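Each of the next two complexes has chain A plus one other chain: chain B in the first, chain C in the second.
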Partner chain A sequence: MIPNILSWLVFLPLAGALLILAIPKENKNVIRSLAAVTVLAAVLLSILVWISFDRTVSGMQFQQLIPWIDLGFVQINYEIGVDGLSVPMLALSSIVTALAVFASFNIQERVKEFYIFILILLTGLFGVFVALDLFLFFLFFELTLIPMFFIIGIWGGKQKTFASFKYLIYTGISGAILIMSFIAIYFIGMQASGWTHSTFSIPALAEIYANPAAPEVLTSGIRGALFLALFIAFAIKIPVFPFHTWQPIAYAEAPTAATMILSGVLLKMGGYGLIRIGIGVFPDQVARFATLIAILGVINIIYGAVLALVQNDLKRLVAFASISHMGIVLLGIASFTAAGIQGAIFQLVSHGFITALLFFMVGALAERTNTRNISELGGLSKSVPVLAGFTLAAVMAAIGLPGLSGFVSELLTLIGVFGAPADILPAAAVFGVLAGLGIILTAAYLLWAVKRTTFGPMQEKYSTLKDARPIEYIPMVGLLGLSLLIGVYPTILTDVINVTVTDILSRIGG
Partner chain B sequence: MLQNAWLIPVFPLIAFIILLLFGRFLKDKSSYVGIAALALSFIFSLLVLMERIGGETYGFTVNWLTTGDRTISAGYEVTALNVMMLFVVAAVSLLVHIFSREYMHEDNRIHVFYSYLALFSFSMLGLVLSPNLLQLFIFWELVGLSSFLLVGFWYFKPEAAAAAKKAFLVTRIGDVGLLIGLILLFNATGSLEYSAVFSAIEAGAATNTMLTVIAVLIFLGAVGKSAQFPLHVWLPDAMEGPTPVSALIHAATMVAAGVYLVGVMYPVFLASSTAMLIVAWVGAITAFIAATIALVNTDIKRILAYSTISQLGFMMLALGTGGYVAGLFHLMTHAFFKALLFLGAGSVIFALHHRQDIRNMGGLWNRMKITSVTFLIGTLAIAGAPPLAGFWSKEVILAAVLEGGGIVLFLIAAVTAFMTAFYMFRLFFRVFTGEFKGEHEPVENKKFMTVPLVALAVFAVVAGFVNTPFAAGLEGFLTEGLNVGEQAHGTIWLAGLSVLLAAGGFGLAWAMYYKGTVAQDFFTSKAPGVHKLLLNKYYLDEIYQAAFARPTVAAGKFLAEVDRRVIDGIVLVAARSVERSGQVIRKQHNGQLQTYGLVTIIGGLAVIALAFVLRGYFG
Partner chain C sequence: MLSAFDANWSLMTPEIVLAVLAMIIFTIDFMTGIHGKKPFLGRLSIIALLVTAVLVIFVNPQGGTIGHIFILDPFSMIFKVILLVAVAIVIAISMYYVEKNEDIYQGEYYSIMLFATLGAMLMVSSADLITLFIGLEIVSISSYVLAGFKKHRKKSTEAAIKYVILGGAASAFILYGMSFLYGLTGTTSLYEIGAAIPGVYEQYPFMIMLSLLFMVVGFGFKISVAPFHMWAPDVYEGSPTSVTSFLTVVSKLAAFALVMRVLFIGFGGIIEEWAFIIAVIAALTMILGNLIALAQKNVKRLMAYSGIAQAGYLLVPIAAAFNINVSASTIAFYGVAYVLMVLGAFAVITFVTEESGNEDIASFSGLYKRSPYLALAMGVFLVSLAGLPATAGFIGKFYIFVGAVSGDMLWLAIIMIAMSIVSFYYYFGIIRQMFMREPKTSLDGQPAGTLKAPAGISTVVGVSLAGTIILGFFPGILINFFNSFNWMFMFF
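== the complex of A and B ==
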């Protein structure tokens, strides 16, 4: 076991970025190889963390704590660690980023900056998923913002400037709300601890908020306000209706690799944060607002699906599908049961693979046909059978076909929703049935899209398209294979998640 | 041998993987890979069947998924019911694999066809071997996928693409019901293993209302998969797939999975009389309306498709009225004679260069002897002519309906049986007798196609003898150790009535389409409105379009506008102004400055907020 493995993991991509900085920008292949080696090393390290993670111990593992900033009354620590929630997210980040790196080898312009940004982004992602200090969490959270802004703004499509600014404004607001809530949580926590603690540490704050020395500080109103502020900040990221409108255009305009990372991992920070800090520090408030969260979850599911049904742009269609599928995460959290929370976490991982694959396929088809408009496509199975086959497989995964991972998250979440305690989530069955309606709608819009793009008579203008290149098999087989792996044998993932879910539930119960 | 039963679905799985990876190089040799795999599956299922007769139920499970303190397992089991199914599925599957070699040999994607066919066989055999409801559901969805792929095999035909989508989508509605039903069952009983579920229900784990809800939701899955009213609309369209596919998936096996599901979950249904009543009535309505549509349709495959829907309704009707053995017995006999009829239709279509309209057929009796004779056997079997397979199973169904369902349901069943004989002989006379219409003289097909026909014809003759009033072997086998209630038995007058109905249907068809003593428009001219209604399949497709599809799309278009104008509107204004100011700045500096500016502003806001909060506490 490597000591301080988490720090190695977090700063490895940054080191790779610095190395690339030193290489002349003409050496594109050297830069690409270096980026590939860095992300592959990150994949190996994150899998090492996965393997070494002790599935029988609750609480944080591989912890590291270094006092960092001490302003007397404000102490910020470099405190990191992982539990069963963060370990899968680390693997997801490294794998999706690695496959995105392979998927972006066809980028020719400003290659050096591109990979520097991607690697910085990965450091930010890792940081978010290991940070146990709110301030540190915020720093990494913001660190992911800047590279993605540049990636969309420089390598994006026609409306890249507009899309990147919209992204920046939304996530900027999200960040601003987040830091303000963190500071408030910090000071109120200090007060609630009877002025004995002054900490940004999430585990310590969870303890303080659960058993305050000065309970009178933590009125129901204060707790509720803090939780809702956090919720909005993360809701923008997930995104939750009505904060979602930055997302379709950002996805549509970003280059394929960036969309894969953005949808596959970056927005998972929202769901992760909601569980880590929302449930972690305010379990009582999650219970209090369970119905609201469930309503928003169901709105996401149905609204996203119905809008996906009328999109003509394939990328926007997948973007709305993504909104719809993130509703599952909210619903799982709102159910307040082991199965539901398991389902929510499972969905974060599963959706990461599936949506990245969908965006990759859309990108691969669009690159060849020069259009993403469904109305201009059709009959692609004839000229590009392999790409069409993988597209269909990705669609089936998104539809929730058993054997692929999406089904397991839907199953677990629905078990949770239908088994939700009536005092926390009244009318749970209604939410469950509406989620079921969403499952039907998902099949409707995705099959409609397939029917119009790969099925149908072949169009003459597409008869000479080249099928998948060897390098494209890496992301396709990789992402589909992972979805298949955790779909056929979900225990490989739930095994890691379960101890933390039990831990969360015991805190909810206590 | 029983512990090797898991290999039965694994053979076609291996074939699927081989064909997926290397099919391109194997080309039409792919068919041998598929046939070999299914031959092994068939031999194994035969051995398993023989060992299970007089033997014990065998099961094996491992943990698949743990949630909280409950686990869901995966594994396989060999019961009386599923060995019967295994044998039927493996046998029909093997014969269809053989038949397809000739039928599909001109298609240059024959390797893809065989890979899909193998995927289907794997999924269907896996479904049957499942020891719990979730695993059944998993394979249930996989057979749905294979069905989708095979219906849409000729994806470049717009009708095929639309039919594939429709099949998947309509059955998906039922599947979501089944999924919710099994989740409620899991939450109520803490398990999804059949045996554990049944003992929990016996111990009173769920209220009566809950049981009814669960049973109806599970039945919804069966309604979708087994094409019961009102979700039957996908099956006739699914005839766009290659005909061997229609024989295997959309007649003999997959569409019977819904009936099998009700059979497997029978104790849950028996626990709720409301659910039983719903099953019986849905079955009766389906049997009746599908038969009426078959009376007027002119497409050889669609007539058979409506016939399948009608016969599946018969099986449901039997199950809903307490005829557990009757329903499952008919499932088995129907699988053989309907596969025979579909492959026979395939043989005709192949010989006629893909013509399907029976108004343009005729006179094939002397030109395609094997096809004609075997098709006649199939027709007699489905019409209920003694002593063919359909006679025995139909008679116990009538007995069950009369005893457990009352006179109204019995009359519906009797009228449907009459219509069945009529439309099947109408089909037979129009295709095989009279004048041949067409240019190319058809000839009998090669052995790859005729041998399966003969084999299925043998089954269609003898399969009924496993359960006769003289020796109810199947009944004893299926009900041993199971509490499925007392099974009704046929009487001599019921047998007489059954024969009379078949003879009546035959006689009328003979008079109208062979002898011509009754004019062919004798009925249609008297009730043109009814005729039009039936030709248009009760306008159900149009009603669904107007009631569900179009409103959903309209809602989508409306919400898309709301999303763009209202929800996004506010942000849009803000973003545009930033962009505009950005452009102003860009004229003086490089483009990155604006970014830094914005980030600084946000950071600044945060600092101001910080100071504000600090003042509150330390001021």
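== the complex of A and C ==
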């Protein structure tokens, strides 16, 4: 085992970015290969973490704690570690980013800056998923904002400026609410511990909030307010209706590789944060607001699906599909059962692969046909059979075809919802049925879209299109393969998640 | 009574040395004729400042006082070093600027700037209303002159006149406020006033508050906080850009140190009475500065409003002071970050606006192509000013923020965070010009070519960039150092 493997993992991409900074911008191929080597190394390291992760022990592993900043009255530590929730997220981040790097080899403009931003982004993502100190979490959370702003604003589509600023402001607001709630959690935690502890450490705070020495500080109002503030901050990121308006335009305008990372991993920070800090520190409040969360989840599912149904722009369609799929995560959390939370985490990972694949396919088709408008497409299965085939497969995965990963997460979540304890989630069956309806809608809009783009008579102007390039097989096969792998053999993922889910449930139940 | 012979004059060694060096530079200047390029005087000034900084650190590190007039405590030493280094950076920027603008008499420029620095050093070291006012006036009068240094440009003259008239009025407010204080307490010593204040306040609360408010108005003008900030954008825009950087950083920080000394020492006994007033001013300043900055197209005006907003952030630790040492460390840390990021930004701004002959934000368009190094550095400075991670500005803002929450001023902290989000928009507006626009074609249709920054500007940018990033990752180097002091109460 490598000592301090998590720190290596977090700062490896940053080191790669600094190396690229030193290379003259004309050497595009050197830059591309260096970026590829860096992300592949990151994939290997994250898989190493996955393999050496001890599935029998609950709690944090590979921990590292270094005192970092001492303000005199506030102590901030560089505290990192992983549990069964973060390990899959690390692998997801590195794999999706690596495949996005391969998918972006066709970018010709400002290659050097592009890969520098992608690698800084990856450092931010890893940082968020390993941080155990609230300040550190926030630092990495905000760090992801800057590179993505540049990527959308420089390499984006026609409305890139508007999209990048909307992204900047929304994410900025999310960050502002987050830091305010963190500071509040810190100070109230200090009081609740009877002034014995002053800490930003998430595990320590979870302990303080579970067994406060001065319970009178933690009134139900304060707990509720803190949780809701956290929830709103993460809801902007996930995004949850009605905080979602930045998302479709950011997705639509961002270049393909960035959309893959944005939808595949970056937004998972929201779901991850909700589970790590929301459930981690305030399990009782999740129970209290379960109905609200479930309602928002169902709204997300149905609202996203209905809007996806009427989109003419393929990329926006997938963007709304993504909103719809994130509803499942919320529903899983709200169900408050092992199956539901497992489903939510599973969905975070599975959706990461599937949506990245969908966006990649849309990007590949749009690059060839020069349009993303469904009304102008048609008959592509004859001119580009391989791309059309993978598109169909990606759609199947998104719909939840058994054998692919989407099915597992939807099934787990629905089992969780129907089995939800009635005192926490009344009328659980209604939510389950509505979610099922949303899933049917998903099938409708996705299949309809596929029918209109790839099937039908071949159009003359598309008859000469070139099919998939060899390099494009890497992201396509990689993402589909992973979706298939965890779809057919979900245990590979669930046995890592299970330790943590059991841990979470023991805190909820106890 | 203290006689002039008993006083420990060695405490003033740095000031005396700087004064002598400034006069030498002045003398060399008129001996070599008023016109012409004199880069050696610039270099000499930088050396003079750095030598003075070294003297501050190594002569009398244990500190001391001269009667109740002059005080050398950790507070004054740290602020002196910060100010001296800041002025050295400003002079490095100025050396480029005066080369480009031949109507500026270089020798006068450098020596006046050194005299202003002397005033600033006196300000942070004064423990007496008289020395304090003298220091303040040395800085102010030098600044009025500096603002009008481009005498053939109308805007520069306008800036100087505005500054003189309004600045004079502000000084009058301060003096008037001081006169009440002297009348009520019978002393000009800040520490004696501080000891007497609680008792006097019980008898004459109205008069004390009146005195305080007069001084707050006057000082508020000097540090450009709302609603006394109106002069700043016009003066900053009209002044030579290098002078603008001096005004935004050096004048402001010195005045901040002064405000802290007066409020914490002089009025420290009645902190509950004024904390809310300062908090309201801070809130107003953050809101107005940030909102008006949104509409600015001229980069110097934008930096003026940004500077106003930043002054608002710096007021927060004074308003929410639960511990004077913590407030002093917070302001000193943010002060260092502020010096680095603002002067770094001004080095780039001075260079880019001079090269393009245009102060519009659009002059930054496509900077990534024209000078990747400057664009990257400017990007980091702006990100730091906006308070985003991995920069000194992020840590500094967080420090202020937790301090405000600890000081029970949650509402102020919330305004601060909300306004930071607003500031994203205009800081990133410049970033958009630099990275997301192509270079503008000039009048003859040629695309603007690459920019090669001269060594002075590159060095300033490099030092500021390194400082901004290093303090973002390892703020402990400074914070631990600052936290080890008893800032203001070593000798009284």
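The rule is short, and it goes like this: the second predicted complex is superposed on the first by the 510 of 510 C-alpha atoms of A that agree within 3 Å, B and C clash if a C-alpha of one lies under 4 Å from a C-alpha of the other, contacts with A are read in each partner's own complex, and residues count from 1 in each chain.
In this text, a residue touches a chain if its C-beta (ideal position, glycine included) is under 8 Å from a C-beta of that chain, and two chains touch if they have at least 3 such contacts.
Everything numeric in this text was worked out from a predicted model, so none of it was measured.
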* In the superposed arrangement, which partner chain does A:Leu411 touch: chain B (first), chain C (second), both, or neither? -> first
* Asked: With the two structures laid over each other on chain A, which partner does A:Asp70 touch: chain B (first), chain C (second), both, or neither?
  -> second
* If you stack the two complexes on chain A, which partner ends up touching A:Gly172: first (chain B), second (chain C), both, or neither? -> both
* In the superposed arrangement, which partner chain does A:Pro402 touch: chain B (first), chain C (second), both, or neither? -> first
* Compare chain B and chain C by how many residues of chain A each one touches, and report the one with more. => B
* To do: Considering only the touch criterion stated at the top, classify A:Gly419 as touching first (chain B), second (chain C), both, or neither.
  => first
* To do: Please work out whether A:Leu143 is in contact with chain B alone, chain C alone, both, or neither, and reply first, second, both or neither.
  => second
* Please work out whether A:Lys160 is in contact with chain B alone, chain C alone, both, or neither, and reply first, second, both or neither. => second
* Asked: Which partner does A:Ala443 reach: the first (chain B), the second (chain C), both, or neither?
  -> first
* Mind sorting out which residues of chain A both chain B and chain C touch, each in its own complex? => 73, 145-146, 149-150, 153, 161, 165, 168-169, 172-173, 176, 179-180, 183-184, 187
* Asked: Can you list the chain C residues touching chain A in their complex?
  -> 323, 325-326, 329, 368, 372, 383, 388-390, 394-395, 398-399, 401-403, 405-406, 413-414, 417-418, 420-421, 424-425, 428, 432, 435-436, 475-476, 479-480, 483
* Structure fact -> Within the complex, chain C is touched by chain A residues 25, 68-74, 113, 135, 138-140, 142-143, 145-146, 149-150, 153-154, 160-161, 164-165, 168-169, 172-173, 176, 179-180, 183-184, 187
* **chain A-touching residues of chain B, taken from the complex the two chains share** => 63-68, 134, 137-139, 141-142, 145, 152, 155-158, 161-162, 164-165, 168-169, 172-173, 176-177, 179-180, 183-184, 186-187, 552-553, 555-557, 559-560, 563, 567-568, 571, 574-576, 578-579, 582, 591, 595, 598-599, 602, 605-606, 609-610, 613, 616-618
* Asked: Touching chain B in the complex: which residues of chain A?
  -> 73, 145-146, 149-150, 153, 161-162, 165-166, 168-170, 172-173, 175-176, 179-180, 183-184, 187, 191, 242, 245-246, 303, 306-307, 309-311, 337-339, 342, 379, 381-382, 396, 401-403, 407-408, 411-412, 414-415, 418-419, 432-433, 436-437, 439-441, 443-444, 447-448, 450-451, 454-458, 489-491, 494, 498
